[in-house]
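There are two complexes below, and they share subunit A, which is joined by subunit B in the first and by subunit C in the second.
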Partner chain A sequence: MRTYWVAYQIALQETLQRRSTLLMDRVGGFAIVVSLYSFWTALIGDKATFLGYTREEMLTYVLALNVLRSFVFTGRGWQLVGEISSGKISSYLVRPLSYHGYALALDLAQKTVHVCASFIEVGLLALLVRGGLFLPSDPATWLLFGAAVLMSSLLFFFLEFMISSLAFWTSESGGPLFCFELFLQFAAGAFFPLDVLPEGLRRALEATPFPYMIYFPVRVFLEKVPTSEALSLLGREAMWLAAVYLCAMAVWRRGVRSYAAEGG
Partner chain B sequence: MRAALSKYWRIWLRTASMAMQAQLTYRLGSFGFLLGKMMRLMFFFAFMAAVFNHVETVAGYNLVETALFFMTYNLVDMTAQILFRGVYGARRTVSEGDFDFYLVQPCSPLFRMTCSSVDFLDIITIIPVIVMTGMTFARLPPIGWEGYAAYALLMANGVALIFAIHVLVAALAVRTQELESAIWIYRDVMFMGKFPVDVYAPAVRWALTLGIPIAVMTTFPAKALLGRLSFGWIAYAFALTAVALPLSYWFWRDSVARYTSSSS
Partner chain C sequence: MPVAIETKGLTKDYRSPVKEPGLWGGVKSLFDRKWKDTRAVDGVTFSIEEGELVGFLGANGAGKTTTLKMLSGLLTPTSGEATALGFTPWERRPDFQRSISLVMGQRSQLWWEIPAYETFKLNQAIYGLSEADFRRHLDELVELLELGEHLSVPVKKLSLGQRMRCELAAALLHRPRLLLLDEPTIGLDVVMQKNVREFIKAYNKRSGSTIMLTSHNMTDVVELCRRVIVIEKGRLLYDGALDRLVERYAGHKIMRARFTADVDAADLKSLGTVVKYEDRTATLEVPRERMAASAAALLRTYPVADLNVEEVAIDDIVRRLFTHE
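After this line comes the complex of A and B, so read on.
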C-alpha cells in the first residue's frame, strides 16, 4: 500500500508542478460550464420549471457536472494506449506492483487537484450568478451521492481501461477510445440531463452503465430519486461495476499474454 | 504572386495527400475518430431538436434559427481545423527540433507550422455539415442575395480571425517552447460558439464580442443572414480582423527573430 501512496504523492507533485497547463485546463472547463449554464438559463426563461427542474436545481446540475467531470472523467486511458504502443508498459510489468493499483494512484492524484480546482470554480460561478444552490438536507442523500460518485469513478476507470487495452492487439486503439469518450459524454448526461431525450431513447440509455456516471448521481443529489429507488439504482451500479471490472481484468490478462516487447 | 500561390497550393496538396495516406493506413483508428466526430455532431443536433420539443424559442430564436447558429459554428470551426491543424502540434514541432528544418526550407515557416498538417477526417466530416446547413437554409424564410453575401463574407472573416489566433498560439510555442494547452483553451472557449451569443449574460456577451471574439467568428454570420446584425457590427467584425491579422503576424515574426533553437 505504501508503494501506491508514494506514487500518489509523486503524481500529485507532478500535477501541481505543471501549473500553467492545469490553469489552462480549468479555464477551458469553466468556459464549458458557463456555456451550459447560460443555455439552460435561456431555456428556463421566465418559467418556474423546465423538464421538472427549477432554476436552482438546474444551476446545481450544471455546477455538479463540473465537479463530477473532474472526479469521474479523469482516467488513464490515453496514457495506457501510449505506454503499450511505445513499449513503456514493459517496465511496469516487471515491477512488483499491480499496474491497475499504480494507475489508480496516479488517477487519484489527478482527481484530487482537479476536484479542488472545480470546487473553487463552482463557488465562483455560484457567487457570480447569485442563483442559489440546491443542497440536500437529508444526510442520507449525501451518503448515497458519495457512494454513487465513488462507484461512477471506478466504473469509468475500468471501462476506459478495458477499451484502452485494445492497444495490446492494435496500434489503432486511439480511435475506438476517442469514440467511446465522446459517446460517453452524451450518454452519461455530461452535457444535458437525459430527461430532455425522448422516452424511448432515455430508457435505452438507462439500460447501459453510462447514466450511472453523471445523470444518476446528480439526480440523487437533487433528491429527485426516492431513497428506496436510489438504493436499488446503487445496487445496479455496483453490478455494472463488478461486470466491467471482471471484463477489464479478463481483457488485460489476455492482452498481457499476447504482448511482446521488442528492443531495449 | 501567382507563382508563389501555385507553389503553396502544391505544397498543401502534397502534405494533405500524405496525411490522407497516413490516415488510410490506420483504418480502425481513423474510423473510430471519424465515427466520434460524426457522433458528436449528431448528438448535439438531436439534443437541439429534443430541446425544441419542450420550448418554442431559445433567446428569441426558433429551432431552425438555432440550428443555423450551430451549423455556422461547425462550418467555421471545421474549416479552421482543416486549414490550420498544424498548430495543434506546434509545441512538439519546436521542442523536437523540426522547426529548425522549417526555417531552412524555401517555404514560409508560418505556412509549414500552421497549414501543412491536414486532418483528412475533418474534410469528410464537413460534408454532412454542408448538407445540413443547406437543409437549414431551405427552411428559412426567403432571404435576398445580400444576406447570403454578408453570411459568406463574415464566415470568411471568422476563419481569418481564427487564423490570427492560431498564429498567436504558434508564436507562443516558438517563443516559450511551452503552453501546449493554449490551443485547447481556444477549443474549449470556442464551445461557447455552439449557441447564439444572445443566450449569455450581458457581461459574457461583451467578453465574447470584444475580448475573445467567438461571437464575431460564429454568431455574427448567422445573425447577418437573419438580418439581425447592424451595419456597425459588420464593420466592427472586419475592422477587428484587419487589426488582429497584422498584429498576430508581427508577434510571430518577433518570436521567430528571438528563436535560438531548442533542440540539439
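After this line comes the complex of A and C, so read on.
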C-alpha cells in the first residue's frame, strides 16, 4: 500500500509541476461547460422546463459535468499506450509492482488536482450566472451519488485501460482509444442528458456501460431516479464494473504474455 | 561459489509480419498477413558464478539484449532453460524481482519533471526498504556516483551523464544481487564513461553482486571484465577469459620496429605483413609461431633502434570476429 501512497504523492507533485498542461486542460474543460451552458440557455428560453429539465436542473447538469469530467474522465490510457510503444513498460515489469495499482494511484493524483480545479471553476460559474443550483437535501441522495461516481470512475479507468492494452499487439492502438473517448463523451451523456435522444437510441445506449459514467450519477444527484431504481441501477453498474475489470485484467495478462513472447 | 545464472539451450524466436512492398502490399497485408520467425538467440548455454562480472559481447542484433531480457524475466524463451538466483526469471516472482535490476542505457525509470530523489523514494517503497537501509544505501551511492546536489534538481534539467548516474543509483538502491546492464555508457562523454566504469567496478567489489554487462565500448569490457561471452547471430561463439580470446582469435602479434636509417619496406615482407611504414617506423603483423624467428631476423638484418612486440588490441579482435576478416 505504501508504494501506491508514495506514487500518489509523486504524481501529485508532477501534475502540479506541469502547470501549462494543467492550465490548458482546465481552459478546454471550462470552454465546453460555457458553450453547453449557453446552448441550453438558448434552448430553454422562457420555458419553465425543457425535455423534463428545469432551468435550475439543466444548469446543475452542466456544472456537474465539469466536476464529473474531472473525476471520471481522467485515466492513464494514453500513458499506457506511450509506455508500451516506447518499451518503458519494461521498467515496470521487472519490478515487484502491480502496474494497475500504480496507474490507479497516478490517476487518483490527477483526479485530486482536477476535481479541486473544477470546484473553483464551478463556484465561479455559479456566481457569474447567478442561477440557483439544485442541491439535494436528502443525505441518501448524496450517498447514492458518491457510490455511483466512485464506480463510474473505476469503470472508465478499466475500460480505457483495456483499450489501451491493445498497444501490446499493434502500434496503432491510439486510434481505437481516440474513438473510444469521443464516443464515450456522447454515450455517457457528457454533451447532453441522454433523455433528449430518441427512445430507441437511448434504450440501446442504456444497455451499454457508458451511461453509468455521467448520465446516471447526475440523474441520481438531481433526484430524477427513485431510490429503489437507483439502487438497482447501482447494482447493474457494479456488475458492469466487475465484468470490465475482469476483461481488462485478462487482456492485460494476455498482452504482457504476448509482449514477453514478441519482445518490446 | 554458488551459481548465479545458468542457461541451457536458451532459444528465442521473434515473429514479425512480412509486408510486400508498395501500397498494394500494404492492402494485402491488411487481410492476409504473413509472418516470419527470426531466431534471435539460438541454443545458448553458459553459467555464471555469484560475484562474477562478465562482459557480454556481440554485434548489433547478435542477441545480447534479448538474452538479458530473458534473464530479467521480460521475455519468455521459445525453448531452453534458464535460472537466475535460483528462480525461473519469466515467472516474475516478487522475490526474484526484489533481487535483480535491469538497466537499459537508453531507457529511463526516472520521473522526468521532478527530482530523482522522488523516484528513489518510490523505489524504497516498491522494494520495501526500511528508512535506515534506504539512507545507508543512498548515502553510499551518492558518494560513489558523486550525486550530491543533482538529487534535488528536476531530472529533465540534468545532463545525460548526471541522469545516467541517477539512473544507476535508482537501479541499485535495493542492492540487487544480480545486475544486468545493457550499454551502461552509451551516449556518455569519455570522462563520464570512465566514472561509470569505475563505479561498476567498485560496486561489484563492495557488494559482491553478479554483474552481466553488454557494451559496444571495448574499453568498458577490457577494464571491467576478466571473462567475456561472445555471441553472434544468436549463437555462443566464445565463453572464457578475455586474455584467452586474444590468443585464440588473434593468430598474430604486432611487431613495431624503429630504424636508425631508411629501409625498404618491401624487404620487410619476408618477416610478416607490413601494416604501416612511416618515419622509419614499421608496424608488422607476424604469425605467433614465427614471432621469435622474425624478431631475430629483423635485429640481425636491419639497423634497429627500438623493437616492440604487442598483442593485438581486443577491440580489433572482436571487430574481426564480427566482420569475419
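Heads up, the rule we're going with is that the second predicted complex is superposed on the first by the 259 of 264 C-alpha atoms of A that agree within 3 Å, B and C clash if a C-alpha of one lies under 4 Å from a C-alpha of the other, contacts with A are read in each partner's own complex, and residues count from 1 in each chain.
Everything below uses one rule, namely that contacts are C-beta pairs under 8 Å (C-beta built on N, C-alpha and C of every residue); 3 or more make two chains touch, one makes a residue touch a chain.
Keep in mind it's a predicted model, so treat the numbers as computed, not measured.
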Subunit B versus subunit C as contact partner of A:261, first or second or both or neither: second
Dominant contact partner of subunit A by residue count, subunit C or subunit B: B
Touched partner set for A:6, first subunit B, second subunit C, both or neither: second
Partner chain in contact with A:199 - subunit B first, subunit C second, else both or neither: neither
First (subunit B), second (subunit C), both or neither touched by A:46: neither
Sites on subunit A touched by subunit B in the complex: 20-21, 24-25, 27-29, 31-32, 34-35, 38-39, 41-43, 45, 50-51, 129, 170-179, 181-183, 186, 191-192, 196-198
Residues of subunit B that touch subunit A when the two form their complex: 26-37, 39-40, 43, 46-47, 50-51, 53-55, 58-59, 178-182, 184-185, 187-189, 191-192, 194-195, 198-201, 204
Subunit C contact footprint on subunit A (complex, rising order): 2-3, 5-7, 10, 13-14, 17-18, 86-88, 90-91, 93-97, 257, 259-264
Subunit A contact footprint on subunit C (complex, rising order): 12, 14-15, 40, 66, 69, 72-76, 90, 92, 94, 97-98, 100-102, 104, 107-109, 111, 113-114, 118-119, 121-127, 154
